[in-house]
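I'd like to ask you about the structure that follows.
The first chain written gets the first letter, and so on, giving A, B, C, D, E and F; residue counts start at 1 in each chain.
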Amino acid sequence: MKKVEAIIRIFKLEDVKNALSAQGIHGMTITDVKGFGRQKGHTEMYRGTEYKVEFVPKVKIEVAVPDENLQAVLDTIMRTAQTGQIGDGKIFVSELRNTIRIRTGETGEQAI
Amino acid sequence: MSCHRMLAGILCAWTIFGASVSVLGAQEEAAPADAAVVPAPAPKPLDRGDNAWVLTASALVLMMTGPGLAMFYCGLVRKKNVLSVIMQCFFLMGLMTVIWGLWGYSLAFGGGANPWIGNEDYLFMKGVQAEWQDGKSVIPQHTAYSIPMLSHMLFQGMFFIITPALICGAFAERMKFSTMVVFMILWGTLVYCPIAHWVWGGGVLTYNGDSAKQYAMNGALDFAGGTVVHISSGVSALICALLIGKRLGYPTEPMPPHNLTYTAFGAALLWVGWFGFNAGSALAADGVAASAFAATHFSAAAGALAWAGMEWIMRGKPTVLGACSGAVAGLVCITPASGYVLPMPALIMGAAAGVICNFACSSLKRSFGYDDSLDAFGVHGIGGTLGALLTGVFATRAVQDLNAGNPIGLFEGGSLLKGQAVATLGTWVFAAVVTFILLKVLDATMGLRVPTQEELQGLDLNEHGEEGYIFL
Amino acid sequence: MSCHRMLAGILCAWTIFGASVSVLGAQEEAAPADAAVVPAPAPKPLDRGDNAWVLTASALVLMMTGPGLAMFYCGLVRKKNVLSVIMQCFFLMGLMTVIWGLWGYSLAFGGGANPWIGNEDYLFMKGVQAEWQDGKSVIPQHTAYSIPMLSHMLFQGMFFIITPALICGAFAERMKFSTMVVFMILWGTLVYCPIAHWVWGGGVLTYNGDSAKQYAMNGALDFAGGTVVHISSGVSALICALLIGKRLGYPTEPMPPHNLTYTAFGAALLWVGWFGFNAGSALAADGVAASAFAATHFSAAAGALAWAGMEWIMRGKPTVLGACSGAVAGLVCITPASGYVLPMPALIMGAAAGVICNFACSSLKRSFGYDDSLDAFGVHGIGGTLGALLTGVFATRAVQDLNAGNPIGLFEGGSLLKGQAVATLGTWVFAAVVTFILLKVLDATMGLRVPTQEELQGLDLNEHGEEGYIFL
Amino acid sequence: MSCHRMLAGILCAWTIFGASVSVLGAQEEAAPADAAVVPAPAPKPLDRGDNAWVLTASALVLMMTGPGLAMFYCGLVRKKNVLSVIMQCFFLMGLMTVIWGLWGYSLAFGGGANPWIGNEDYLFMKGVQAEWQDGKSVIPQHTAYSIPMLSHMLFQGMFFIITPALICGAFAERMKFSTMVVFMILWGTLVYCPIAHWVWGGGVLTYNGDSAKQYAMNGALDFAGGTVVHISSGVSALICALLIGKRLGYPTEPMPPHNLTYTAFGAALLWVGWFGFNAGSALAADGVAASAFAATHFSAAAGALAWAGMEWIMRGKPTVLGACSGAVAGLVCITPASGYVLPMPALIMGAAAGVICNFACSSLKRSFGYDDSLDAFGVHGIGGTLGALLTGVFATRAVQDLNAGNPIGLFEGGSLLKGQAVATLGTWVFAAVVTFILLKVLDATMGLRVPTQEELQGLDLNEHGEEGYIFL
Amino acid sequence: MKKVEAIIRIFKLEDVKNALSAQGIHGMTITDVKGFGRQKGHTEMYRGTEYKVEFVPKVKIEVAVPDENLQAVLDTIMRTAQTGQIGDGKIFVSELRNTIRIRTGETGEQAI
Amino acid sequence: MKKVEAIIRIFKLEDVKNALSAQGIHGMTITDVKGFGRQKGHTEMYRGTEYKVEFVPKVKIEVAVPDENLQAVLDTIMRTAQTGQIGDGKIFVSELRNTIRIRTGETGEQAI
């Protein structure tokens, strides 16, 4: 099993989620994060004092997938999260030793 | 800690005690009090319209501090200190009220002879509160206004609350609560009461008053507190900012307002409440009240447009904080003038305040490098000074004939400006000196600042053991 | 669900119907109504100052419930229930107003003869509203106050809103909304109206009233609602807390206030609004109003200092919630006394309330183990009782000569305390018994509590289908 | 940007200039102004009770816009646009006030002869402000009401603020700030002032006025602004929504209110402030004010119950937003009728508004598919129209004998309804046409909408360079 | 060393945390997340417009554990976080290359 | 490639971020977390009821780094995030199977 972590634009979340469930991904976990990278932040001003906000709000999608679905999932995310503008985000793939469904105690791919 | 506890103990003990004493006192006092109740000149009869307005205005002025100023200020600090700012405002609503009732009102408005300070006539509300006289219940009327003494005391008492609360903007996010409490007791007694007496209590600055003629170029006009409220608090705020020092990380680390929505709501409430503050200062529901109301409203409006407009021109964007700050600056500036100027000059005063206070809160502050966290000096000190002086320019007999038919303000050929300058200077010096001394003493005894660790973690947790928001 | 829908259907239907009926009614009624409009004694002429003040006060008292109490209460619950508390306050603003207009005012203030309950004189606003008489438009004046009947009805109606809203603090975070609606209709009609009639409507507790002389040790003084508002709601709140049971996880699981900034702003608005509540109860803009205003302000101040001071001494930190709770406790305590006591006793009453209610909301509550979620009983029940009794101690003829020149309160040698005790006891028993019965019936029929699952997920989503904050 | 800067520059310049000019002007004007100050008929003497009430009401009406409407509206948008909505309300408080003082009041209320528009009598507050006449200070009194001209100007000025602010609900979350500013200057001048003159300034719609008899079926009754405020803003709002187009992602993407607690607090403040709006429109603290106060309160209550009740019946859950929207709908609907109808009809009007506006904001809006973001049209346009017509049904001589003893509303056999229909239609057409033209011109010149990228990221950052909440 | 990531119900956090510390787990890191899976969300309504919220608020617990404690930790979480209802959540286990305690610079299992 | 997750004190975030970018780290992702460990929380009091908050607000920095930069990154974080007081936090290092830049589809180290 693999864990896919994708950091994407907030307003893309809905699309990505729908695309993933469309292809039978039953679950995922979302976290609100702040990103720092090529995409520059913005400037705010309070009583004449300017201040740069370098972090850009992003959302992180975590999905555990069976190895055979990996490529499909990556493609889907790529396709739906892309705008072509700097700041589209990243996908990180890592190995999962095990997965357990708390409710049933199922483990491994059944648990996903 | 122990010091805190002791202090708190004393506070309460003294409240209860003070009250008890005077409750018992009340009995024997009856006779002498009598004297105070019916002084020559005779009291004016009650006008229920005037009284309705003054009571309403009193409520509005309290609303300015809580929730008004509390919202305005707390939105500007970081989340970890939001409660500490609210607490300063709210606690002062209690603290200053008790002081006002016990001795403050008397020191400010007791007697009129003494040019420097009031007398003991009204200690513990004696001569102000209702009394049983010659088999009748008597609620003392004011001699100059057609309202009860109590209404006058209440309305003025609300000013005694908000003035120290304004200062809190200067030392926000780092001041020790216990020290603030002691400081405000002393400041209210030793700074506010005297100045209030000078200007409104028949003291040395009272326009055309005898002692004013003698010492103060004929005195000054301060309709609702340009000197008493704004200069006194603004200048003291500057001293506080200088003596307590900068917040950790200021100015390198960004410290953006954590909740501008509160600040904007607070500003709106201040605007609304200020009608009570200024128009209420007519102490009657007459034409002067209406005129003051209009001047106040126009100045606030022009201030908001001017500050935001200036940002728009110079930085390409008008900000909410700018519009709010401008409105407040306009309100501060018109305060001393509100009962004496026409609507169009009010527009000009507001616009001027918007531009100048904007400058004071950005360039000026930056170049001097002091950390007046919420710009109590930049808005109230500078705006109040500007207002006091412009009152000397625009005050007109058209609104109130206070000078035997002769012109008043510079603009109509009068000489008021001199007295305004004297009053402004006097207030600056007095407030600055006394505040400086008080802070030095407190710094040596109690300490002004919370420990670094507490400042980092936030005052809410460390001074009050609470969190402002628990959203999860 | 279906039950909900049915209920809601009935509610609306009945509102429209009631109104329609009486609209049509209005016509024929003209003549008989006539009788009610111009009763002997003759109405007092209108005083516009008094009317201005009473209308202003009415607005202030509505502001106490919304946004005042709504903010104060909603900040104290967990985020998932914030809307449910706001909804209770807001919906009651609508519900109780309609009831008041249809029959509530009449049951409380209709006629004066009956010691226990009002008559039908004012049903559907007959005899209160404007009428076309002998070719002239007539807006009925009150016979005892120089304001229109409508102003009196409105002012009193605002009390009819906030009193049930106060009770909501007891069952917050678990009460079924539909049941609350029905409960409040019944409670307002069967508990509030009778008590209001006893105390203010010429009923059995009205000071020096005939039936009071007969049954109630000469009756009691309750200027603005110590018994009618605070004891009745506070005691009923206790019964609610006991019958509905604890929140899931209480007291093991921590349930900290989710937004103390709201609570503080709400407390400040309550303080401001309370001037309308108490000083407005003079129903005139006279010296008594000013005196009540002062007593109210001083008691709130002392309460805030006392509660926070006590925390400071005993736990080393004064909290924002403590200062706010203390102010409210002081306001509750002074309510019945505000128009009868001098400022210094007001300080003492406030301080006493701060200390005793603090104790009631912590130690007392913990030792008995009931879950009065927002301390409606601890603050209003206890504070109201304290205030009712201390009124018997500190009420003085100096403010109002209500006893033919003879002393009133214990402190000046009067005997009022007895009547106060009777009134307090009577209100406790009546409110407790009727509330108990109502809840038992509702528990058996509709159920008091939401299902466990819904309580866990929160009432906002399950009862109202909304979320309070969507910040992401 | 440059366009913004230029615009802002002009704005400020013009404010200062306008003011300065007229300040200087003030001098020579003295004589001619004279004429305007003491016109036949002679002014009414001042009643301090009336003045106290009108000043209080003015403060309440300003509070409706800020913080009231600002809270109500800002809670309904998404977090990223919260400040932009607040800014629209707050900035308009400044902008419209300045316009009102410079020329707005004069165009609306100057002279009475002209059926379509006011004259220049009151430009720059000439004839309204205090004046030095024959060696005396004179504050002009109104000729029809026992208050100063200034009080009338102030009270009416608050309406001039909130009306455009209401429109902002239609284009929230996408309108360009600079364009909004210019639009509102023009809209206030070209739409509001004429309509206000028609209805209240002695113009073509003024009930029983000469020109009304001639052109408008005898004119209409609009006590507090059903046509002037609600229809004008509501209809213009619809045009705005249609011309500016939908928000990106509407209606597919969910756009839930980001902070319903604000919306509820705002609704409560609107309810409270509306007493000033409606009862204040009596311009006296008399029985009519009390009657209007009651009608207002009852209608709001019935509206809240009806809207929430309808949700309850049809969807199983009453929502907080529903109760709040219903109260506002009830308040809107009763506005034109408040001073003319009895309490029970007020209940019916409120209930009707709750049901019909609910329908307008859900089914109707959905079926037509326009994006009136905050339902400015659904609530104010529809509710105002309903109210204007029902005024023709329920207005009764019992409250005010305005028709020489003859019946007024349909319900008592009068013929007012015709005039109401004419006024409603006229206001619809005029507001729609002028707004349409203004927007077309502005679209071609400045553009109505922010760039897509900015709309996605939010207006707060892009239009104002600020964030509403920084909680971390 | 392993990293255990458990996504559980919010109101179970307290129990799980206590159970873990009871068995000597000195530290953990908690993140608020939104979950998407079999458990369906809820419906909200604003002025007649219904809108489905598919994400369910959950909390994620991250614990670094020495291999020998892994099973115990998994069992504890399973036991305390379980309600048997859909939505109990998942546990993900992955390999940790290294751990460092910033304060001391200790690495590996000492750092946990 | 490695994924570095550092849990640090909030007020150290600025320094760490700057130090990292100084040494050419182009991107990172930040998450607000609550920590539980040796550092004890604080006590709050509401109307006389005391209640212990055991979780301490922390911030988590996630950085994907090429193996050769790993040590440098670890050192930088160690250096800048350290105060020596209990509660400085932890650094976790794990293996990344792959990284993808959504905008371009680049994979592996180019994507970082």
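In the analysis below, a contact is a pair of C-beta atoms (placed from the backbone, for glycine too) under 8 Å apart; a residue touches a chain by one contact, two chains touch by 3 or more.
Note that this is a predicted model, so its numbers are computed, not measured.
Taking only C-alpha atoms, you rotate subunit C by 120 degrees to land it on subunit D; that is to the nearest 5. Same interface as D-E, judged by over half of the contact pairs sharing residue numbers, among the pairs A-B, C-E or B-F: A-B. Interface comparison, A-E versus A-B: the pair with the greater number of contacting C-beta pairs is A-E. Interface of subunit B with subunit C: the two copies contact each other largely through different residue positions, with under half of all numbers used appearing on both sides. Remark: subunit B and subunit D have CA centroids separated by 33 Å (rounded to whole angstrom).
If you average the Cα atoms of subunit E and of subunit F, the two centres end up 18 Å apart. Measuring from the averaged C-alpha position of subunit A to that of subunit D gives a distance of 47 Å. Centre-to-centre, using mean CA coordinates, subunit C is 53 Å away from subunit F.
For subunit C, the set of residues that touch two or more other chains comprises 47-50, 52-53, 56, 256-257, 315, 317, 319, 321, 465-467, 469, 471-472.
Counting partner chains per residue, subunit E shows two or more touched chains at residues 31-32, 44-46, 94-95.
In the complex of the two chains, the subunit A residues touching subunit D come out as 11, 14, 42-46. Across the interface of their complex, subunit E is touched by residues 253, 456-457, 461, 465-467 of subunit C. Considering their complex, residues 3, 17, 21, 26-31, 64, 94-103, 105, 111-112 of subunit E touch subunit F.
Subunit D makes touch with subunit E in their complex at residues 251, 254, 256-257, 311, 315, 317, 319, 321-322, 325, 358, 361-363, 366, 375. Those residues of subunit D lying in contact with subunit B across their complex are 1, 4-5, 7-9, 11-12, 15-16, 18-20, 22-23, 26, 46-53, 55-56, 58-59, 62-63, 65-67, 70-71, 74, 82-83, 86-87, 90-91, 93-95, 97-98, 101, 124-125, 128-132, 135-139, 141, 147-148, 150-151, 153-154, 157, 177, 262, 463-472.
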